[in-house]
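Both complexes shown next keep subunit A, but they swap its partner, so subunit B is in the first and subunit C is in the second.
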Partner chain A sequence: MQLAVNIAVLAAIYALIACGYVLIYRVSRVLNLAHGELMMLAAYLLLSTASMFSGHPVAALAASLVLAIAVGVMVYVFLMRKMTGEQVLAAVLATVALGILLRGVMVLVWSAQQQYPAQALGWVNASLPVPGGARISVAAAALVACTTLVYGSLFAFLRFSRWGIRMRAAGQNPLLAAQRGIGLHGIYALAWALATFTGGIAGMLIALDSGLDQTMVVIGLKAFPAALVGGLDSLLGALLGALVIAAAEVLLIHYVDPLLSDVVPFLVLIAMLVVRPWGLLGTREELDRV
Partner chain B sequence: MPFASGYFRTSYARDLRMIDTRTQVAGVIALAVAAGAFPLLAGPFLLDLANQFFLAVVGAVALMLLTGVAGQVSLGHAGLLAAGAFTAGILHKEAGAPIWVTLPAAAVTGAMLGVVFGLPSLRLRGLYLAVSTLALHFVVVYIGHEYETRRGFSTGILIDPPRILGFIIDDARIWYAVLLAAAVASVLLALNLLRAKTGRAWRAIHDHETVAAGLGINVPLYKLAAFVVSSTMTAVAGALFAYYRGFVSVEAFSLFLSIQYVAMVIIGGMGSILGAVLGAAFVTLFPYAIEAGMGLLPNAERYSSLIFAVNYAAFGLVMVLFLVFEPLGLVGIWRRMRDWLVLWPYKQRPLGGSK
Partner chain C sequence: MKLLQRGRRFALAAALAAGAATGAPAMAQDAYVVGISAALTGPAAATYAPVIDAMRAYADHVNGKGGVNGKPIRLVILDNQGEPSKAAADAKKLLSQDNVILLVNSSLSSTYAPMIAESRRAKVPLLYAGAVCPKETYPPADPLQFCTTSFGAQYDSQLAMGFVKDNAKEPPRIGFSAMAIPISRGEIEFAEELARKMGMGTTSKEIIPPPTPDYTPFATKLKDGGSNWVYSWAPWVTQVRTFEALRRLGWNGRYIAYAHIQAEDELARIKDPELHVFGANAFVRDDLPVHAEIRAATVRANLPYPVTQLTEGFIAGLALEAALKATPWPATPAKVLAAMNNLKVDMKGLRGGPLEWTKDNHFRTRQYYRVYRWDPARNAVVQVKDWTALDVR
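What follows is the complex of A and B.
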């Protein structure tokens, strides 16, 4: 039972992070390899707002989420916008460079020590019993709830809202979308904002659950196979992929070798690339095949 | 060097020559003299820097052939370096093999891994290929890590200085000669490949795969060849690195190292061997330049713990600046400067001669 809970929590983490990869890829065909760093930045921002709004944890959370959105928009306006028209690969490498830059800046500002935002907010991360004899921490439970909420609202947003439909249109065919009067720059900025927002939620909750240090980047990178296994342009796929990766990782760590933890998602990724490169639910013809 | 009046080659043999004009001959001689005099004049610190640079040149040239020329993106370069280093380390530790066994063994490992890294490229392109090499990087590093923990070398494998024909190579000056030879050999190999059929095939594949196939180029074969050549060179560089440091550990082969090599290719300038050399110099010297720059600040001791982070941030920033403002890299800057100097006061570039 504890294994099932662990799988659910890990899948929720991966799914919440993976939807950022999917959003940006689906709209602009750019793979954001700085997602882990952006996620970590949001968690560090929470640390700062927590000391600023001491005594008002909810206000601190809200303020850091707003900041995370602002960061996402800024990344688009100041960096990714300049990369339009360049090769897609140059754009991906730009995100890699951005990630390195952010990592250095974060160490400079917040130091490399392990920090505990939960303490700064004055929250205690209690452990709740789950039917079946397993236990789950409050932050992990919040993570599962948040993932459900985020995915629910993203589905609704993309399906029914005006901006969601515009985003899908821009992803399908940017030229036609622009000719229909959709401001592509606004849409791309929105995608980046949403991606850092959801990634930020994930980063903050992970930091609340288990502390905050440089290893969070690795979690961000490990969530990427989840997005790809599900299909890079499919939100539902990201959810499925996260489940697959999380199950494989938890079970292999438990039954085979704990050292495998960092490599399992990538092994699944390679297997997927060999068998079905477009992912479980991805669109086949959009893949640049030889 | 092209002249303002125009420089026209009159035969194919002339066009194929590596060293073309008298200016180039003079340049090569000057470089050779400088490289020969350097170890006599430089101190141990500068020698170590030069050796690191030569090692980086081998890796950067290898990646340039793969990414800059053949257009196949690899984010797993550190994995290949690790494979070479671990092959040398394991053979040395388990079988006591001498360097003339371990280096070829590293090359063979590299070639085999090249096929493994290259196989996805037959089905995947662009992003998906980059991702698959990234995944393979993690797998290779995991295997190295597993070996270290299983055999109880959890801090790393120690390697004794190599012995060739009775000589023990442990002096920085001798290493300088060995690594310089390796760097020059890799540059020559690359230049020769580029002016032959293989290089033209790679360029054609880079420009347009379907057209290349239509021209009669065996696209899968040449793609695999690019991966094999590149990873063989990289694995040998990794093995040399292991001997030079006398120590192998997975910590040295992080994802950041792969990114550093990609940065060498970008900062140097895509598709140019000179670019790979310039990029290797830039990336090798960059952290030392940052450290020296920080040393000039007032209260330098106070910031000394931050050097690592400043380094990271500055490196990311430089990479972003090159990607946004100078996609042609250092080679682009160098060509523009050269043209401006040669052509002044004119502005038109001559026909041909822009090698």
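What follows is the complex of A and C.
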């Protein structure tokens, strides 16, 4: 049972991070290689709001989530919007540069030392029993719950809401969408805001579970294969990809060799690229376009 | 005020990014110029940046008292982000442009090779400060490599395994945890072998890749293996996150790990009486007179790190000062090397004895350890075992 819980938690981490990659790619065809940094920035923002709203953890969490959304919008308005009309590669390189800048700024503002937002919030990450003799930490349980909630909300938003439908339209054919009166800049800004919001939730919950330091950037990158395996333009695919990679990782750690956990996401990715390059649920047309 | 502090840090970082130094550029040498390449940013920065900040604060402290032999110490600090290619570029710049008389590395072991190559080419000694001591500093030592860092492969595990054997309430079944980097893996394999030789049972050995989003799968295996002790020798992040994951799984065994610079604060944060840390540096709770000096230097330099994390850098500063004091002016790399080959540094209680280098031993002649843990009754970090010495041969 503990193995199943471990798979669920790891899959939730990867899925929550991967949906940020998918949201931006699906709408604007840009691979956001600063996603790990934006996720880490949200976690550091939580650290700051925790000290600002001392004794009010809910207010601190809410404030940091609002700030994460604001960061996403600002990244689009002040950086990615300028990339409109440029080659996709230029936009991707802009995200790389943004990542480097953010890493430097975060060290300067919050220093390189290990931080514990949970401690700053005065919150104890207790361990909960799970039926079957397994255990899960409160933060890890929150990760699973948030991932479920985020994906459920995103599916409903994209399928039923006016802005969600506009977002899908802009992703499918931006020119046609613009001609139909859809404001592309608003849609793209929304995609960046949502991606930073979901990545931010992941960053905050990981930091609440096990602390926060500069290595979180790499965790952001580790979720990238999940998005690719699932299909870069499919949210359901990201969920499935995260589950496949998390299961492979946890089972190999337990039954074969823990060292394989580092390479298995990429082994699965290579296998997928050979067999089905557009991913489990990705659109074949996307590959042709690339 | 905070904004002002951040502004100052930003200015310093901008200067570092531009490859400048803490001080005027080195042209005609009017100071002891020491070149540092360190992981000041990047994933490993939490371990190394406080060491360099403390060294800088110590150098300022020495310069404030008139310097060494009437000359100031000038540290040229460059950020290698833990990347070998950047370390190579740093070493080249420090040797060819800044004409440093000593190189210092405080970074991941993957950055050693390019710096060693440059150090050999220029015949400039290389000091490891806060970075793991390579075996080339052990007897018989490489002529150019020296180390002040507290932890030392093989000696650390001898102390840890001995402690487990002496303090086990029931026959020990030890699980092992390492980070997937050669130095950590090698040490854990050595410890596993040593435990068996000492007649103790071993269970599983988890080699954990850095970084890992969730340590629970590794902890699950350690718990399921039936370990009643777990020994970890790895960067702090791996040691502590494995321990916390074990506790969240309901494991109630005992844990021993190396006391890296974060350990003292972390014991107080975790408050678990069965988490033992052993290390070669005295904790600030020991409240030695030298700790007041470190505190004062920290305040003067306005460092962003807690004083508990600065001992390692302060010790490197003590060794640097002693080496330069024994280097007659005008200083050259050869003179520094001669001084370092015959050096005995008073550690002022920060270690169990003096740091002594000889021509054949650039690590230390004796390695001393203390063991600490959290005591719930006293609500404080306490000493479990006082200085224990191991001869370095």
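Please note the rule applied: the second predicted complex is superposed on the first by the 287 of 290 C-alpha atoms of A that agree within 3 Å, B and C clash if a C-alpha of one lies under 4 Å from a C-alpha of the other, contacts with A are read in each partner's own complex, and residues count from 1 in each chain.
Everything below uses one rule, namely that a contact is a pair of C-beta atoms (placed from the backbone, for glycine too) under 8 Å apart; a residue touches a chain by one contact, two chains touch by 3 or more.
Please read these numbers as outputs of a predicted model, since none were measured by experiment.
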Side-by-side fit of subunit B and subunit C on subunit A, or clash: clash
Subunit B versus subunit C as contact partner of A:Gly104, first or second or both or neither: both
Which of subunit B and subunit C A:Lys82 touches, first, second, both or neither: first
Subunit B versus subunit C as contact partner of A:Gly122, first or second or both or neither: neither
Which superposed partner A:Gln114 touches (first subunit B, second subunit C, both, neither): second
First (subunit B), second (subunit C), both or neither touched by A:Gly183: neither
First, second, both or neither for A:Pro277, with subunit B first and subunit C second: first
Contacts of A:Asp262 with subunit B and subunit C, given as first, second, both or neither: both
Contacts of A:Gly152 with subunit B and subunit C, given as first, second, both or neither: neither
Residues of subunit A that lie at the interface with subunit B and also at the interface with subunit C: 103-104, 107-108, 112, 259, 262
Subunit B contact footprint on subunit A (complex, rising order): 31, 79, 82-83, 86, 88-90, 92-94, 96-105, 107-108, 112, 221, 224-225, 228, 259-260, 262-263, 266-267, 269-270, 273-274, 277, 287-290
Residue ranges of subunit A in contact with subunit C within the complex: 2-3, 5-6, 9-10, 13-14, 103-104, 107-109, 111-114, 116, 119, 125, 127, 135-137, 140, 206, 209-211, 213-219, 222, 249-250, 253-254, 257-259, 261-262
List of subunit C residues in touch with subunit A within their complex: 6, 9-10, 13, 17, 40-46, 49-50, 180, 206-218, 220-221, 224, 236-237, 240-241, 244-245, 247-250, 262, 269, 304-306, 309
Subunit A partner contacts - residues on subunit B that touch it in the complex: 73, 120, 122-128, 130-132, 134-136, 138-139, 142, 145-146, 149, 209, 219, 255-256, 259, 262-263, 266, 306, 308-317, 319-320, 323-324, 327
